[in-house]
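Consider the two complexes below, in which chain A is the common component and chain B and chain C are the respective partners.
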Partner chain A sequence: MASHLVRVDNLKVYYEKKTGLLSLSKKYIKAVDGVSFYINKGEVLGLVGESGSGKTTVGKALAGIIHPTSGHIYIEDKDLYALKGEEQRRVKMKIQIIFQNPFSSLDPRMRIKDIIVEPLRIMGTKDIDYDAIAKELIEKVGLSIHHLNRYPHQFSGGQRQRIAIARALSTNPDLIIADEPTSALDVSIQAQILNLMWDLQKELNLSYLFISHDMGVIRYISNRVAVMYAGKLVEVGDTKTVLESPLHPYTQSLLKAVPIPDPKKARRERIVVGEPPDPANPPPGCRFHPRCPHKMDICNRMEPEEIEVNSGHRIMCFLYQEK
Partner chain B sequence: MIKREHLEILMESKLLITGLAILVSLILIAIFAGYIAPYDPIAQDFRPKQPPSSEHLLGTDELGRDVFSRLIYGSRITLYVSFLSIGVATLFGLPMGLIAGYYGGAVDKAISFIIDILLSFPAIILTILITAMLGPNLTNAMLSISVAFTPRIARIVRGQVLSVKEEDYVVASKAMGGKGWYIMLRHILPNSIAPLLVQVTLALGSAVIIESSLAFLGLSAQPPTPSWGDMINRGRRYIYTAPWMLTAPGIMITIAVLGFNLLGDGLRDVLDPRLRRV
Partner chain C sequence: MNEVLLKVENLKTYFFMKRTIVKAVDGVSFELRRGEVLGLVGESGCGKSATALSIMRLIPHPGRIVDGHIYFKGRDLLALSEKEMRGIRGKEIGMIFQDPHNSLDPVYTVGWQLSEAIMLHAPKKMDKKSILRKVVDILGKVGIPTPEDRHRDYPHQFSGGQKQRIMIGMSISNVPDLIIADEPTTALDVTVQAQIIDLMKQLKEEYNVSIILITHNLGLVAEMCDKVAIMYAGKIVEIGGVEEVFYEPLHPYTKLLLKSIPRVDIDMPRLEHIPGSVEGAYEIEEGCRFYPRCPMAMDKCRDTLVRAYSKGDHIVYCHLYEGGEG
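Right, the complex of A and B next:
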């Protein structure tokens, strides 16, 4: 197997939920339930799925914010959660995160120049000129030096997201986790931020885990796409393959749900019916079977294995099992 | 530039300006009491219960002491007790609330338990209890007020911390590897300070009332030290024959509490960004 920048192996994140009298019985909310994927150096992996499918939780586990229940995350073959102290910190610095809402991700009481270099300060990097780094980074994201002494409330959403990107770049990361970085922004601003992220990715040879539910954004920015449903990855493959000839019924329904700007062509067929399952109580077998148009007998009895249909195109569905 | 903008916001709040004016005057009176007061507040002139006159602006009390001078000197005790005791309460309550709110779990449960026990007593009952147990004097009065207000401050801080720590910038800072103390001091405290400042100001007003009540009951500063609560207590006996003895300190307590409350409300208007015009 080639050496990947990031390899996620059977990642599980369960949340404990105490129920019943005196909170004696425990229930687990399986936000992420056995997810494996990899990201290569300089590659953008798009992670799509409905709200509550666990895509943000995957991102947070990778960023070291949520400790996984089980599974491993390897950064350049080092197990992130097996490392201790200083070494873990160094590896963590190689991963940075950009949050969805730029209005809550910047401390309102800090100046921009302090926000941008905060990761470096926390890392305790000595003998470096923080101001010089802040100046360099703020210009890299398309703002100017005189913005450095201001506070976050003096900026618009798009500008704030640029500042968040500058902060993410401060540690020279290899991987940036972008958790729906454009969905809180106006459409006109979304394009600017996407272009900036695209340019930076090319210029610095970054890898992104780009979390989004916007198929247009994913199509634009990512090399490969992973589709998540109820805590599981149901389909992974090249962007072109997955978006143009999706195999998993869920991906197919998801793509049909993308609105098309032509009322005459408005789709009459039913798109994904029903609600996503309760993650505390997922359906047996394949988690998509209650909503699946191609449901078979086996689907509610057994959980499908992940199979590779073409090179790099993997799905979890019984429809393709015998092939 | 930022400073001027802030000043403008300050000037906009009439409550805040009024409260501030009252308190600054009171503080100046307390500092320069020796120059303002026409008489020694303890000296007796052997003509008790004189009505207000040009000689004694607010008359004299039952021992012939000048009420106006005692009023001036009395402001010292009031301000000294309220600032010092609430200061101490903040000194202890702030870290308690910060730690309880930030770390949660067993630490939070332990601290919240203590807070809840202390809060189950009304402040005035708790202070009377403590001063009665430890002996009535100024130090114990301050101590009791500190004990009564520490849980109040701690609870406000804890609530603030609970809401601020869920903000993405705190999560981000943790993801960067920020340690507990760093995050508390750098992110959580600066973003919790505004509502705390309001509550501390209002607590100062309550402390004035409680100190006066303790003095009224003879549990605070002991005679002959001039204090407003003690003056009311003395005046109470002569309310029909010498009403000036009781009215004057009563009005001063009202003004002092009003000053703190106006300042607190004004600060709330100014510091709460939801109420601020953009």
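Right, the complex of A and C next:
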């Protein structure tokens, strides 16, 4: 186990739901409900799922933005949320995050050179030449040093996302959490950002947790992929294995629903029914059972346990547990 | 071949801002036959929505249609009075918008909103019973379970996918000839998107309605459209049958666009990216608006008016094809 850079163990994040002014009983939205996975050094793990599946919450818990309700996150075997003070700060420095919307993630009143090194300042790093670091990073992400004195509004969406990437690189992180970093961008710009992230990952031997709802993006960037549905991880494995021979009925439905930009590959079959459940009120048993084409009696009574079918390919589904 | 339902000719829609004029749609022409589905594709700000709103004559201030013709069933929509146009919107041309959460009024039941759409264009006054029957019938048709109860519910009691189904129901309630769907599934999850696309395909077959699908998603175009028009900075750069454009793209922009999409079905080599951005393209008057980013750009692309070159129904606006049939 020691070889994993990140190990997430039975992570649960519940949000309290306000049900009314005088409500006595508390209701919880189980955004993430018992998720475990690992990320190796230099590896890209793609996290896919539809809206409300909890993928962003997993990312935020890993980035130290949301405190988990229970469970553990180990960074190089150190329990992130058990550490205190200076030690926790040093571990957190190794994890950075890039957000979806580059129009709200950069402070409009700060100059680019200050935005880029802000994480270092917050971490209290002293005796370093901030300007020199900003210069090096801005060129690394494909912009130039005369951009450093400008403000965010002078940049396009793609350029802003480059600035956000430069900022994430400032602390020399091991892990970058990228939460839908290209979904606010046009495809031609998306390609630029994906290629940049690809190059940086190789050059710096970074690990990414790459969160996306776009299966094409996931296939392009990830080594392994984890599929979430309604707060649970339903399938995880090598990208090619999961995308070409998915085992969980949800992954299968999801992949069938993706429109392929090839007229001869147009989908002919009917698609899975229904919509993802309300996270405040998920169905009992396997959370996919109301929509599942292979539903069995057991599926609404019990929660499936995770099983490993092939090395590294794990799923949560009763279809494979009986064998 | 079916009759031509819609013919857009040299459409120009400009937005008159304080200091500048934004030529959002600048000389767009295309044809749509009955029962055909046309995909209007392009990146944000390319003028695809402005083209759709021009057809509906719903361009907001400070925008104005300054030139061109929009022939719909032989009549030029741009020559009609506002009153005549109101008789066409929602009756002969239906529209579906991107965000189903904002398109329905939260304070009225969905049944009420549907009946409003039906009554507005009813040839004669309808009694309550027959309106209700029609509402229930439409809700059932678009896949809302137990429509005889659910027509009494309010929009917030429906999911996003169901709301979009209701909007589609509204758009077909008066059996239009043309539906303009502006990014109808962009706000929805991919499994729900697929259901909505299935529903639209099924209704298309049933009513033989023509559809203009505005989208940035080339996957949806491949799945649903017969023809596709690729737009860049207010102009159509290429238009043709879906298979021709996808398998034998002619315009450098189309070629790059197709190679820049990461695909789930095949391993991609490094993605092509289009250098630079669209910024400044709208200021180009005579030349090709794509030339600052075009890997094939030649001197004349800068300042020579681009003509249309065609190979059958496949038309491209690019100097590279000069010498082909004009």
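Keep this in mind: the second predicted complex is superposed on the first by the 314 of 323 C-alpha atoms of A that agree within 3 Å, B and C clash if a C-alpha of one lies under 4 Å from a C-alpha of the other, contacts with A are read in each partner's own complex, and residues count from 1 in each chain.
Just so it is clear, contacts are C-beta pairs under 8 Å (C-beta built on N, C-alpha and C of every residue); 3 or more make two chains touch, one makes a residue touch a chain.
Everything numeric here is computed off the predicted structure, so don't read it as measured data.
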Contacts of A:Glu136 with chain B and chain C, given as first, second, both or neither: neither
Chain B versus chain C as contact partner of A:Asp9, first or second or both or neither: neither
First, second, both or neither for A:Arg109, with chain B first and chain C second: first
Chain B versus chain C as contact partner of A:Asn101, first or second or both or neither: first
First (chain B), second (chain C), both or neither touched by A:Glu306: neither
Of chain B and chain C, the chain that contacts the larger number of chain A residues: C
Contacts of A:Asp79 with chain B and chain C, given as first, second, both or neither: neither
Chain B to chain A touching residues, read off their complex: 167-169, 171-178, 182, 186-187, 190-191, 273
Chain B-facing residues of chain A, complex: 63-65, 89, 92-93, 97, 99, 101, 104-110, 118-119, 122-123, 153, 167
Residue ranges of chain C in contact with chain A within the complex: 43-44, 159-162, 189-195, 197-198, 216-223, 242-243, 246-247, 256-258, 260-265, 267-268, 270-275, 277, 279
Interfacial residue positions of chain A with respect to chain C in the complex: 50-51, 156, 158, 186-192, 194-195, 198, 213-221, 240, 243, 253-267, 270-273, 275-276
